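Same chain, two partners: subunit A is paired with subunit B first, then with subunit C.
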Partner chain A sequence: MTVDSTGEPLIVEGLSLALDIGGVQLNALRDVSFSLRPGEARGLVGESGSGKSLTLRAILGLLPPNARITSGRMVVAGQEFDLTRTDRDHRRRIARLRGAQIAMIFQEPGVALNPVVPVGRQIVDAVARRNGLTKRAAREYALHLMELVGIHDAAAKIDAYPFELSGGLKQRVMIAAAVAGEPQLILCDEPTTALDVTVQKQILSLFTHLRDELHASLLYVTHDLAVVAQLCDSVTVLYSGEVMESSDDLRAVFDGAQHPYTEALLHSTPDVDRIEQRLYSIPGSAASLSDRTDGCQFAPRCEYARDDCRTGSIPDTSGTPGRVVRCLHKVGAPADGVPVGGIDG
Partner chain B sequence: MAEVDEAGAPVASSAQPPSADAPLLRCSDVNISFSQRGSKQRLHAVRNASLEVGPADIVGLVGESGSGKSTLARAIVGLQRIDSGAVEFEGRRLGHTRTAEDRRGIQMIFQDPFGSLDPRMKIRSALAEIIRRHTSLRGKQIDTRCAELMDMVQLPRTILSSRPAGMSGGQRQRVAIARALSINPRLLVADEPVAALDVSVQAGIVNLLSDLRREVGLSILFISHDLSIVRTLCDSVNVIYRGDIVETRPCAELFDDPRSDYTRTLLSAIPRLNGPRTEGLAQGQSLGVRRR
Partner chain C sequence: MLRWFARRLLLAIPVVWGVVTISFFMMHLAPGDPARTALGEKASNASVAALRHQWGLDQSMPLQYLNYLKQLVHGDLGTSVYYHAPITSLMAQRLPVTIILVVLSAILTMLISVPLASRSATHPNGIAAVAVRLFNAVVQGAPTFFIGAMLILFLGVRIAIFPAGGYPADIGGRAWALVLPALTIALGTVPIMVRGLRAAMIESYGSEYVAFARSKGLPERPIRYGYVLRNAGISGVSILGIQVGALASGALVIEQVFAIPGMGSMLMTGILNRDYALVQACTLVFGLLVVVVYLGTDLAYARLDPRARLS
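What follows is the complex of A and B.
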């Protein structure tokens, strides 16, 4: 594989997507943009219904049949894709990325693995076929990868079926399969959510190690802000299908959130290091797809919201390169609502 | 308030002196095992577990998957037989078969608010069914009680006329709590009640549980794998590892000065918003993936 050091491994620009639900087109994603530098880990954060998993599926070309991309382009390793295309040629080009350029790790390793194929074969099948490895070479490579991801007695586990392994081991198998093709970009969809914290800690170390070693970029989807804080360099916060806040520097957001939603989300996240009598709870709940309106999607739950938040589309008011804040009345801004740029501390 | 065991090491002593301030719930030396297919050996899910919950106490039971925390919880509410040991409630030893009176005292809520409500039933009927069975309230009194319960769990009364399908996860969990509270239990066993909820919603449920303790003096056994929430909500914590309760301590002490190795491991594994970044594996060994 040639490592393209000039281009960014992933650029997603202006991604909008509609879901057809009972014949009605509902906007599930609106104008989502972000990019990844080589070796960067970006957290894509949001609660259920925020569109974080749909975004991953759009990148992989694995959308459900009722989804339609209405706008958006993507660049992966120098190749450009118009995401609105649905023709066969386009689908083939995207399919060729999967496994080679882009690997994916899912939340439920138990569901993603084939229950009737030994794990060792699942790890290398795709790569062995593509590179014409002999049976012996493929097995050796599988063993090597299993050791790499911290499976101690790999030789004993290589012929095991997924049901014989614990959740943590299965997730390691998934990760081994993902890195087998030496991808430049690894997409992770809540890979540690189903695991215990002690296992999660090991898996997070493994991701850091793989990133340092392979210089692969990581797009890490999760609802867990603390995990993002531990693993990622940059962060994009989604709410109801829109980017609320984004920064190339994670700490800028975690230490000085400017969007009221980000602030509220950080505030409501329980933190072992912070003893509180009461947790902060965001009033109301996220609007369902059919109830989404013009303006800022968070406005109905936002304590800073005013009339101008409820119309049109909300521009980026950050004024800082590498930072996006889609809010007219940012945290810390003067009450008259004149946006001020670059106040992050 | 119940005194917690003086910490450290597996809690084993069953000979606790009877105190005037008796705990509401006391489990002593509970053992639970399961038969395993294809093996004569039994799987010991819970071993000599002892724990106490005092009146208006919120006690945490923390452990990872497979630690036996849910099995112990199920034994407390009478959904699981125990091999030996005792479950005492209000000084009375509870048998395997629970009377209606026993069941009124201890109620349970579960992790999945989507699975614990009948999708065909309106919320009012779901509540009325239990109120009618366990109390002497009838007719209009039931309606009044339902409205009262909605206020208690901080839901609009209009929810009573809706079905679970139209409700969010947080609302359903509140309804599940309302249903558990409908017959005035003294102890609520909450098995991972916020694990399936979004953070912005889980905060509301955690606060609600805390309010209920303050306002109606409800005792809660709060089962969770999430130590951050336990620290916010609970007075004391029991840490369970592979069926053994390895540490029982007041919350503040446990977090500042964990005594068992397992608790220390658990605490150090929690991801932190302001903690140091995760480091890679030890040594600079090369992955050597590239082999084309």
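What follows is the complex of A and C.
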């Protein structure tokens, strides 16, 4: 199956999700929307606990049992899904996407592979079953995929167990397994976080290479803006389960962040050209799930925040197509150009 | 592999020696006199003393112990004073019955536990899960001989599918006669096995490797067999290995309830009649059995878990 030229590989609209923690329903995601064009790589950026991984798992229908989607719809290659549904038919439709349309690469290769099955078999088990490959054809295909992801002595590694391979090799195995079904979209859940820096670099260039080779779109979750800059075309910034800023053009955000949170995030990224005594860090820490309130979630830590930031829901104020900025007091906007708190009062 | 096996066998020697020594002294230090028991209350002191001398019981205990060890090293288990027969030939008749009973109960344990654990892991609030909880409470609260008696009452007498006891001569009848006692023994182990397996399966279902398998589009059935049971089976095997001791001691009691002529009934007879050699031989054989089972468990473990194969 191929995507028709107009169909986006993924549209997510208004995704909200609640987690049941000790009988209390807590909003983990609120009104999250984004989309990907064919071949696009979008970075999904945020701190831990911002809901990045939950977003990916919601797309694949792999949420933990205490999670419940309260609103949201999704379109994958022309097929529409009401994400709030939990019936059998819906679950089957979502399950059919996995591996064939959408694949996912997990954060920790050390725990995401079955410890008692040789890696070669894990790369092709799903696709061999789906396409009815013979044992020999499956093995050939596994070898081919292992070479594709840069495992040089594939024949020697194909029968190895995960514990016999290094972290970087295990991550390559997982990537091979994810691309085995030739998906249009690959979800990446911080795939380099658990790896050391040199291996991280190799894996990143593998992603760049695979994007060209497979013409797949990437939704790349990370907390590392440097990775986004290297790999992605567009970016969506999440904070405490809400989209703060989003842009189809990555440069627009990197050159002119409009949301105070994005600005702060960019500011706190180390840069070799910018020699400073200390790296900037955002004051305070991200609110826990139970402390989420009305208004902008970032307001308690924001130096631009005013009273109006703390009530209601914050609208998109960007005014530019392909860009979302959910902020009432944007960075770079004429200071106090908008009357705040009543000028005539 | 061969070296590993040889080392394990060497390590078993002190274990077996410990079993032999403890059973020897426990038996000899316990009150009661085999000669008096054999001859009866009315026998004269002189004839009892003569018999004690004939059996070597008038020697000092360390000397008796050394003689016993010497005899064992030559492969001689001694003679039963109660059955008036060499113990090795008694063993040859009785041991297979008990081994078959223990193996059968191990198989039944797995046949009952795996589906129950698997069902209650995937449906934690389903009927199977509730039934397992209830069943566990009942079975763990009731002694095995009681459960055995109840099974006899319902499946042996009320609806007489199985014989209520005894051990017929023909092979088919024997197999049929072993089902109820094996089931009784198995039911004592099932709660432990179900709980261990279910916990391992729930953990496996929540693991990242199962989430990743799902994200690849692998259907639930191969995930259950190739991923969840394959991993949970490793703890299943170690639980079964540990429980074989319990299965064997269950067999001792249950053979009495069902009148099965195995090791258990022989051991009981030996204890009641102060037949030192017989009791010691039975303990030794049970000890050996457990050592062999542990060895088998380790082999199976290495077979199932590639990470355990290195050492």
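Here is the rule we use: the second predicted complex is superposed on the first by the 336 of 345 C-alpha atoms of A that agree within 3 Å, B and C clash if a C-alpha of one lies under 4 Å from a C-alpha of the other, contacts with A are read in each partner's own complex, and residues count from 1 in each chain.
We take it that contacts are C-beta pairs under 8 Å (C-beta built on N, C-alpha and C of every residue); 3 or more make two chains touch, one makes a residue touch a chain.
Fair warning: this is a prediction, and the values are worked out from it, not measured in the lab.
Trainee: Based on the superposed arrangement around subunit A, label subunit B with subunit C as either clash or fit.
Mentor: Once both complexes are aligned on subunit A, subunit B and subunit C fit side by side.
Trainee: So in the superposed three-chain picture, is A:A287 touching just subunit B, just subunit C, both, or none of them (first/second/both/neither)?
Mentor: Touch status of A:A287: no partner.
Trainee: Touching A:Q230, do we find subunit B (first), subunit C (second), both, or neither?
Mentor: first
Trainee: Would you mind checking which one, subunit B or subunit C, touches more residues on subunit A?
Mentor: Touching more of subunit A: B.
Trainee: Is A:R278 contacted by the first partner subunit B, the second partner subunit C, both or neither?
Mentor: In the superposed model, A:R278 contacts subunit B only, not subunit C.
Trainee: A:I11 in the overlay: touching subunit B, subunit C, both, or neither? Say first, second, both or neither.
Mentor: The answer is neither, since A:I11 touches no partner chain.
Trainee: For A:V75, using the defined touch cut-off, is the partner it touches subunit B, subunit C, both, or neither? Pick first, second, both or neither.
Mentor: A:V75 sits against neither subunit B nor subunit C.
Trainee: Return first, second, both or neither, reflecting whether A:S205 touches subunit B, subunit C, both chains, or no partner chain.
Mentor: first
Trainee: After superposing the two complexes on chain A, what is the shortest C-alpha distance between subunit B and subunit C, in Å?
Mentor: 7
Trainee: After overlaying the two complexes on chain A, where does the subunit B footprint on subunit A coincide with the subunit C footprint?
Mentor: 180
Trainee: Please name which positions on subunit A make contact with subunit C in the complex.
Mentor: So the residues of subunit A in touch with subunit C come to 57, 60, 62, 64, 95-100, 103-104, 106, 108, 111-117, 122, 125-127, 129-130, 161, 163, 174, 177-178, 180-181.
Trainee: Which bits of subunit C are touching subunit A when the two form their complex?
Mentor: 206-209, 211-219, 222, 226-227, 230-231, 234, 304-307
Trainee: Looking at the complex, which residues from subunit B come into contact with subunit A?
Mentor: Going by the criterion above, the answer is residues 64-65, 168-171, 198-204, 206-207, 210, 225-229, 231-232, 252, 255, 265-281, 286-292.
Trainee: So in the complex, the part of subunit A that touches subunit B is made up of which residues?
Mentor: Residues 1, 47-48, 131, 141, 144-145, 148, 150, 167, 179-180, 182, 196-198, 200-201, 204-214, 223-227, 229-231, 254, 264-266, 268-273, 275-282, 285-286 of subunit A touch subunit B in their complex.
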